[in-house]
Amino acid sequence: MIELKLEKSQGAFTLDVAFSLPFSGILGLMGPSGSGKSTLFSCLAGHAVPDEGRIAVRGTTLLDTRRRVNLRPARRGIGIVFQDGLLFPHMSVRRNLTYGARAGAPDLLAELTEVLELAPLMERRPASLSGGERQRVAIGRALMAEPRLLLLDEPLSALDPARREEVLCLLERVHDRTGTPMIYISHAPEEIRRLAQTVITLDRGRIADISASPAPRFGPRGLQPAGGRPRWAV
Amino acid sequence: GPLIFAAASTARALDAAIAESGMDVTVSYGASGAIARQIEQGAPADLFLSANPKWMAHLVDLGLVAADTVEPLLSNTLVLIAPSGAGALMPTAVAMAARLEDEQFVMADFTTAPVGRYGHAALTSLGLWEAVAPSYVPTRNTIATVAAVARGEAALGLVYASDALGVEGVEVVYDIPPESHPAILYLVAPVAGATEPEQAAALLAFLRADAARTVFAGFGFRPAEGAP
Amino acid sequence: MTPPLGLSVMEWQALTLSLRSATLAVLWSLPLAIGLGWLLARRRFPGHWLLNAVVHLPLVLPPVVIGYLLLVLLGREGVIGAPLHALFGVRLAFSTQAVVIACAVVSFPLLVRAIRQSAESMDHRFEAAARSLGAGELRVFLTVTLPLMSPGILTGLTLGFARAVGEFGATITLAANIPGKTQTLPLALFSVTQSPGGDAAAARLCALSLALAGMALIGSELVSRRMTWEAAR
Amino acid sequence: MTPPLGLSVMEWQALTLSLRSATLAVLWSLPLAIGLGWLLARRRFPGHWLLNAVVHLPLVLPPVVIGYLLLVLLGREGVIGAPLHALFGVRLAFSTQAVVIACAVVSFPLLVRAIRQSAESMDHRFEAAARSLGAGELRVFLTVTLPLMSPGILTGLTLGFARAVGEFGATITLAANIPGKTQTLPLALFSVTQSPGGDAAAARLCALSLALAGMALIGSELVSRRMTWEAAR
Amino acid sequence: MIELKLEKSQGAFTLDVAFSLPFSGILGLMGPSGSGKSTLFSCLAGHAVPDEGRIAVRGTTLLDTRRRVNLRPARRGIGIVFQDGLLFPHMSVRRNLTYGARAGAPDLLAELTEVLELAPLMERRPASLSGGERQRVAIGRALMAEPRLLLLDEPLSALDPARREEVLCLLERVHDRTGTPMIYISHAPEEIRRLAQTVITLDRGRIADISASPAPRFGPRGLQPAGGRPRWAV
């Protein structure tokens, strides 16, 4: 189970979401630009503190503003692939990859190196990588830490279609092998459809839809929710 | 060897005298006030040579120097200096004022430095102070005074005779009569709690002796009046 | 044994003492400076402005005053000096350690400021990324924060070292001008300028000071060029 | 007219002179410091190491030596002083301007270093972006480079101001200790400590120095907090 | 005419391209991650200097290493939307937008504000924008400068499908109205197909194909060029 109930205001924007879903599989997260997807990730990972709320994953309470529980990010075991990579600029690609590695996982490094085609980049510094190369390393780095839950913020947007396909396969394989649950932000309905068992659609800080496949393409002004809290709200 | 805390103005002469003695001595030079305060804070000095009786008295008051061990070692005189080639000076108010027109007169600050106080007293009793006062620039010490004159920043300066001796770029234009100011005495005394009192005493004996006096004289110092 | 480079014994002693004291001064104060620089940059707390002011104190007061205050603190009867002397028989004032202390105190604000500046300009989302990879606070600090601050640390060390090499007022007040024991290059320079005609010796001592600091400057440039990731970011 | 705050005339004069000189010193040297900081950070050229060393010179040499060298340069017979005097009848040594010059020279390395550090840590692709929008070099510098360097400039100004407030050795050598004309707070402080028993007056002058620098520090903190984009980046 | 012939080495990577195409319309640029697309843009915009080469646009020589011509970036009139936005962090969105504006183009600002939905963001600082919001501002900023040639490096990858559609329309409209030629990098063949009249496909620093529509999907190891210089090379 992943239970989540959050309220957070940033300027004129307010994120106000609540859901309770099985903790397994891949959860897709969609929504127009600025609808609060990255903010939701920050709260989950512990980089931002909501004004009010509760997050529990598999029975462990990560955050409860009322009971003043707030697990440190390093303790949450939540991996995150950032929208802009955030590779450590002072480390080689190899050291970036192994930074969060658990002891005794050399196979994983070899496998990821191969699938993400990182071999020729291993000793380079992030500054000399192309946009797509950087993003591949960021994905590899997060996977190497074998997180309990992996958050991916548009991880494929800088990749070419061929690599995109490969990384999608890799994510599926990692998921099959380790069972690591993932939450996946993307603007591409076909990616979401391919990966996710459940899809949450956000709109202006609120949940507009939770269903088994992407909501119908949101219009220019975003989705108008159907009014009234849907039954799946916590 | 013993450690001497000595007024900076004696450095050149004292170093030469110690070399003459052949003894193993370390000297720490500084402004009299600065080294007196250091002794007050426990600096490991064996001898204190002060250019300023006030600071010696301060240490006597604190019990760091026994009053009956203080003795005058050297004395000094005052001179007026000018940039080389400036020519002799008539010691009259008119002549001084003329030379200082649009120019500066440098002397160590008479509110803080002993040499300034002696100089102020001398110029006042000679009736010259009024003539120099409008042009007066107080410097930090005699070193700065000499530098200012040597560099032509100032037309006249007042320093100890020992400061002006053999310095390039300046010449003595007037020897100030010793009667015009209080005697300039360099006092010396052993410091309480000295670690090497015997050697310090031996050095002091040498400094009093003729061999050392000759050396001091070579640097413009005179034996203190009343010294044995 | 005659000193190398045709220096006099006094000059050689002053040179080695200056090198040793300036190096020890910046290295000893480095951990505290890193801690304070980071704290001032990244945390807001009630006494922030006061701490900041205290750190800058040695910059604002004339070195002679700092030396005097240190003497009052560390001297035989000082708040810190008295117990030290009573308990361990240690006497700090007028010792070689006093030189290191004087140098450390005057260069401290420069170290802290440079480090603070780099802590302020770094993107702290890198630390968030490290945490999300499971690194504890100490590991994050050592492997991410510290390396990303290293250009600032290097600048601080360079500035601090140069300032320590030039330090005069606090040293002569706290440690006195004792040849072979507390006489650093600036103090030796002072001594030779105290008598007329010491210009050649003074020029040589100036040159030694500059050579010492110059080597540190060039060294730090070389090190900083190897931090290529910074420029290429 | 009696001075405010219960200060003596001498203290009040020293306070205003210190404030004025330290302010003028950092403001006058700022443009050059920005230029040099930028140059040292962003360009590699043959004399780079030498320029860098020259900039650090006033940090390495004891202030008294700097004062002496300035006197040699700016004095009536100096390389710069002589033509100035011949052409304009200007005499710099022992004047109020000399105080500003002394303060500016000793605080200069601190300004340059802080600015250089910020020029090094900024992402210069922002400048590339500005150029691609058609901005000429001057506009890029004024609207992008300079604002992005401003935290470093502020740090430099603060450090330099604090250092200028504490400046003693170069000032007393170049400008002498003339009450009401060149006697800054540290020089007044020196004067009162030259006789036994000036402790109370010394403490008051210390406090004034600290108050002056403290106000600058707090001011700079307030300004830097308004540069929120930096922290939020 | 846009004539370009470049050689540039970065580490083990070498960009070596040459083409000569009509200066009009929208040129698509595709190719796997790390194939040199962004590097080509840097050389065009003048942010990087090739080891050897010549660039001429509409008869103006921007660069000729042999004749030591190298026009300053600000003189080239080439706008660029960067892969990672690069908004000026110390300026509001409004000042970012108007930074490169020509005098007397208030209509353009109004139009762009509307199409890119920037009105509520106008007074905000870039740091508080979401990934997609940032990218919209970056596009607006580049268009406001009315460049002679506009380079777009994956401008839509952070946008949701609805906005992506709108910005595509906007780019088409801007192109129709101003005739501004554009070069457009994207990994999405459908975008390229929609916008571009001509498509260049790069692979490992070389031109693999120039044609009227995207090259067949490049495989995991990239396209293998057919061997021999194609006839369209300069």
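Here are some notes:
Going in written order, the chains are labelled A, B, C, D and E, and every chain counts its residues from 1.
The working rule: a contact is a pair of C-beta atoms (placed from the backbone, for glycine too) under 8 Å apart; a residue touches a chain by one contact, two chains touch by 3 or more.
Computed from a predicted structure; not experimentally measured.
Touch-path distance (fewest steps) from chain A to chain B is 2. In summary, no chain was found to touch both chain A and chain E. Chain copies chain C and chain D are related through a rotation whose angle, from the C-alpha fit, is 180° to the nearest 5.
When C-beta pairs in contact are tallied for every pair of chains, the largest tally goes to C-D. Set against the C-alpha centre of chain A, every other chain centre is closer than that of B. With every chain reduced to the mean of its CA atoms, the largest distance from chain C is reached by E. Averaged Cα coordinates give chain B a centre that lies 35 Å from the centre of chain D. Our note on geometry: chain B versus chain E, Cα centroid distance of 80 Å, whole angstroms. We define each chain's centre as the mean of its Cα atoms; on that basis chain A and chain D are separated by 50 Å. Averaged C-alpha coordinates put the centre of chain C at 20 Å from the centre of chain D.
Under the contact definition stated at the top, the residues of chain D that touch 2 or more other chains are 68, 190, 193, 230, 233. In chain E, 128 are the positions where the chain touches two or more neighbouring chains simultaneously. Of all possible chain pairs, the ones that touch are A-C, A-E, B-C, B-D, C-D, D-E.
Those residues of chain B that touch chain C in the shared complex are 3, 5, 8-9, 11-12, 26-30, 34-35, 37-38, 41-44, 143, 146, 163, 165-168.
Those residues of chain C that touch chain B in the complex are listed here as 64, 68, 71-72, 75-78, 91, 93-94, 172-173, 176-181, 191, 193-197. The touching residues of chain C, counted against chain A in their complex, run 125-126, 128-137, 140, 143-144, 147-148, 150, 227-230, 232-233.
Taken together, the chain A residues at the contact with chain E in this complex read 10-12, 30-34, 37-39, 83-84, 117, 120, 124, 128-133, 136, 153-154, 157-164, 166, 187-189, 217-220, 222.
The touching residues of chain E, when paired with chain D in their complex, are 45-47, 72-74, 77-80, 82, 86, 88-90, 99-100, 125-128, 141-142, 145, 147.
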